[in-house]
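Both of the next two complexes hold chain A, though its partner changes from chain B to chain C.
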Partner chain A sequence: MRITKIAKAGTLESNDILIMVMPNESGNVELELESIVRQQFGEVIEQVILHKVKEMGIEGITIKAQDKGALDYTIGARVETAIKRAI
Partner chain B sequence: MNPGDQKILGSLDEAFDRLGISDGMTISFHHHLRNGDYVLNMVVEALAKRGIKDLIIAASSIFPVHTPLVKHMQSGVVTGIVANYISGPVAEAISRGELKKPAIMQTHGGRARAIESGDLHIDVAFIAAPTADTYGNINGVYGKSACGTLGYAVADAEYADKTVAITDNLVSFPACPIEISQVFVDYVVQVDSVGDPKGIVSGTTKITKDPVALIIAKRAGEVIKASGLVKNGMSFQTGAGGTSLAVAAELKEIMKRDGVVGSFASGGITGYLVEMLEEGLFRTLLDVQCFDLVAIESYRNNARHQFMSASMYGNPHTKGAVVNNLDIMILGATEIDTEYNVNVTTGSDGVIMGGSGGHSDTAAGSKLAIVVTQLLKARLPIIKDKVMTITTPGESVDVLVTERGIAVNPRRVDLIEILSKTKLKLMTIEELKTLAENISGLPKAIKTSEHIVAVVEYRDGSVIDVVRQCL
Partner chain C sequence: MYGVKTEQVNLQDRVEREEVEVFLQNFNLSLDQDVDYTIVIRDEALNQPAIVATCSKARNVLKCFAVIEELQGEGIAATLISTLLDKLFSQGIYHSFIFTKPANAPIFASLNFKLIHSNADVALLENGLDDIYKALERMKANYNIGDEEKASLVMNCNPFTLGHRYLIEEASKTNHEVLVFIVEEDRSVFPFKARYELVLKGVSDLKNVKVVPGGEYLISTATFPAYFLKEEGQWMKAYVELDSSIFGKYFCKRFNITKRYVGDEPYCQLMEAYNQALKTVLPSYGVELHQIRRKAIGNIAISASRVRTLIKEGDFNGLKNLLPEITLEFLNTNLGREIVEKIQTTHAPH
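And then the complex of A and B:
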């Protein structure tokens, strides 16, 4: 499935993550992650985001994530909401 | 100084000429003007212009306002730093390895000890003076840059080879009150401004509204109550952070309810503690540093709001420091490990972001040292197998209070016995650690190089840990 527009979910509050999604032409999943806990949790956060995208069967999406120390379920929920808003 | 000699000099440059400042000297500063301080930058900049190199800066604390030190570190004007607390760009530059010699990080009491014993020899002390008279008597309570007590400047003034007062409020002799006496001061230099009042004090100190922090404060209050230490003559100290103040608020209610009058509260003093003094909950305050305008005013006007020097506060090698009289101490932590060692020196990324200040001194002296912290801060578990940097040794920390449970240091068998008879939720520190990691996941360890950028001294001068350069 493809998304059709730009959408976002989340905030820049502590323990939250701001997710912005936009369609891209390449058909790939592209992810840019900024996180205040990147050194400690960067790989985990990327996995959670990519897993959610795959689970929802989305292709051709660029994701910008600004993380302020969100837990995995928060990250998953924010990604899901952003994608649903973009479909 | 002979009769008829003058101490007033026309400029900093004239002072430098008289002092004969040369390469490699150690110059000292106090941090009572905090993030509003102009004096350190003013002096180092002027010395840099004179081509001086290899200075060692012995400042009781360094703040973001001291960012110009970074360029002086890079150019070799400054090659050593000795401080009790370093935050902001200077701390980050040290962590990147930009200071030639490892920084030495002391405690408030340890610094006074080092200066008095000669371990830290100061060639020239530059004392930022909110008020000074023409013969070198200083106080911090009057003038546009008033900061309150000058507790951290005392050892510098007394033990430096030469002491210079730098003031923006020159008054005729004698100043009143006198906090630092003329007998220690060689010269007085008048400048336009020693500091920015907005950076010197915070307008008000506020209790946190964060519900998690309030729960922690409530639990800490219950631990204090259960410990049996809340009785007439009790003493208490806490920091100025939101959670620490919330603990003070809990204690206040307990003291009022039980009709208890304490002997003293100490430390950096906030308006909140002044309120407790004025309500009769403590007989006196012992103040090494005023945190806000209310504290400054109280210290100026209330004889029961008393001065203490850093040495009187925490120096372990005096004939008795105030911390030894302290019953209850509320402490913060960036990290705490399962041995109860506490880190307040480096952040979760391994970069220097603070330092002991009075943390180790008060933990060692007090009967009940309570660390209050959330279990997680921005996903990072606060309890570790090993803290990145040991600031305060676990043997001096008694209780950890978090929002999910309370852990008592196994060394305190007596406390465990008392607290286990209450309804408080006691857990082992390992259980709390697992609880946090189940929520956050296991963080990857921070990598550092072998290069040592800072040495952490315990209050007695022994090396308790080192800080390595981040990769």
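And then the complex of A and C:
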């Protein structure tokens, strides 16, 4: 499935993550992550985001994630909401 | 502070507006005229809840930001900025700037704003789905800009005069390739599209000249708000330094620009200050500034503001000496006549 518009979910507050999604032409899933705990958890956060995208069956999406130390289920919920808003 | 609520200020309401203005005065700030959305946070513990924090925006530029000292470091900025980003998104704006004091830059950097440039007085940061690097890449691709050495000009052309034509010609004669950036911000009496097309057609015979829309980073409300507000106060120096530096640091580097041409400025104090800033800033980025004496008719140098004055006075014969054929033709189109009427009936510096 493809998303059709730009959307976001989340905030920049502590323990949250701001997810912005936009459709792209390439058909791939592109992820740009900024995180205050990137060094410790960067890979895990990326996995959680990509897993959610795959689970929802989305292709052709560019994701910009600005993380402020969110827990995994927060990340999943924000990604899901952003994508649902963008469909 | 946990669970703070932001509240939108009705900018049309004089009392509400004044309350924000008074609050900002404590921080040596004012509520700019072009602000279109303002939020505040109040201390709910008080009987008459006073403002403890505020932030505003003018289209995609966040500004007039202040938090009382007692609450700094409590994450209030994150709440304010998140709320404003929500508003921007709901307006379909996915890229924003923040204009602030250099001391505040780290606060916004921690909220994922990227520093574009800062000097002693101001810092400009950006956030969102776009950034200056992507914007320049797009420009390069869309206008087929190569890697050879170039000269450049940045012009508003409000409207395109024989003076502009002369400057571009001078640059074109002595350089291999010339880039002319046209100020894209639509705040001038001649709309961007018309200004751009007049230049494009007006220099189409000069084969080594490319006319390119200036985008969001050259003399825009983000990089140079004073240009549009015609403010000449304390901030002028900071603004012109900021704009010149962005040009040197990003544009010249990416497009291999080694020279910039400007006309001398006998009339406008602001533009003269801008030229001075270019003169000091550009060499530090390896760019030469060439100041060319303006083309004059008799004793009077040609300028777009002179053209607008003549239009206001209805002196269309006088215009023939100052404008190329293409601009004269434009003034006779429907859109052109509308603009002429607008100039004659309103009083605006631009």
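Heads up, the rule we're going with is that the second predicted complex is superposed on the first by the 87 of 87 C-alpha atoms of A that agree within 3 Å, B and C clash if a C-alpha of one lies under 4 Å from a C-alpha of the other, contacts with A are read in each partner's own complex, and residues count from 1 in each chain.
Please note the rule applied: a contact is a pair of C-beta atoms (placed from the backbone, for glycine too) under 8 Å apart; a residue touches a chain by one contact, two chains touch by 3 or more.
Bear in mind that the values here come from a model prediction, so they are computed numbers and not experimental data.
Judged by the touch definition given at the top, the superposed model places A:22 against chain C, while chain B stays out of reach.
By the touch criterion stated above, A:39 is placed in contact with chain B alone, chain C being left untouched. Shared-chain residue A:51: touches no atom of chain B or chain C. Of the two partner chains, chain C is the only one touched by A:8; chain B is not.
Judged by the touch definition given at the top, the superposed model places A:64 against chain C, while chain B stays out of reach. When the two complexes are laid over each other on chain A, chain A has residues 14, 68 in contact with both chain B and chain C.
In the complex of the two chains, the chain B residues touching chain A come out as 348-349, 377-380, 439-441, 443-444, 446. Contacts from chain C toward chain A in the complex involve residues 75, 78-79, 81-82, 85, 89, 92, 94, 111-112, 128-129. Remark: chain A residues 14-15, 36-37, 39-41, 43-44, 68-72 touch chain B in the complex.
Contact residues of chain A toward chain C in the complex are 6-8, 11-14, 18, 20, 22, 34, 62, 64, 66, 68.
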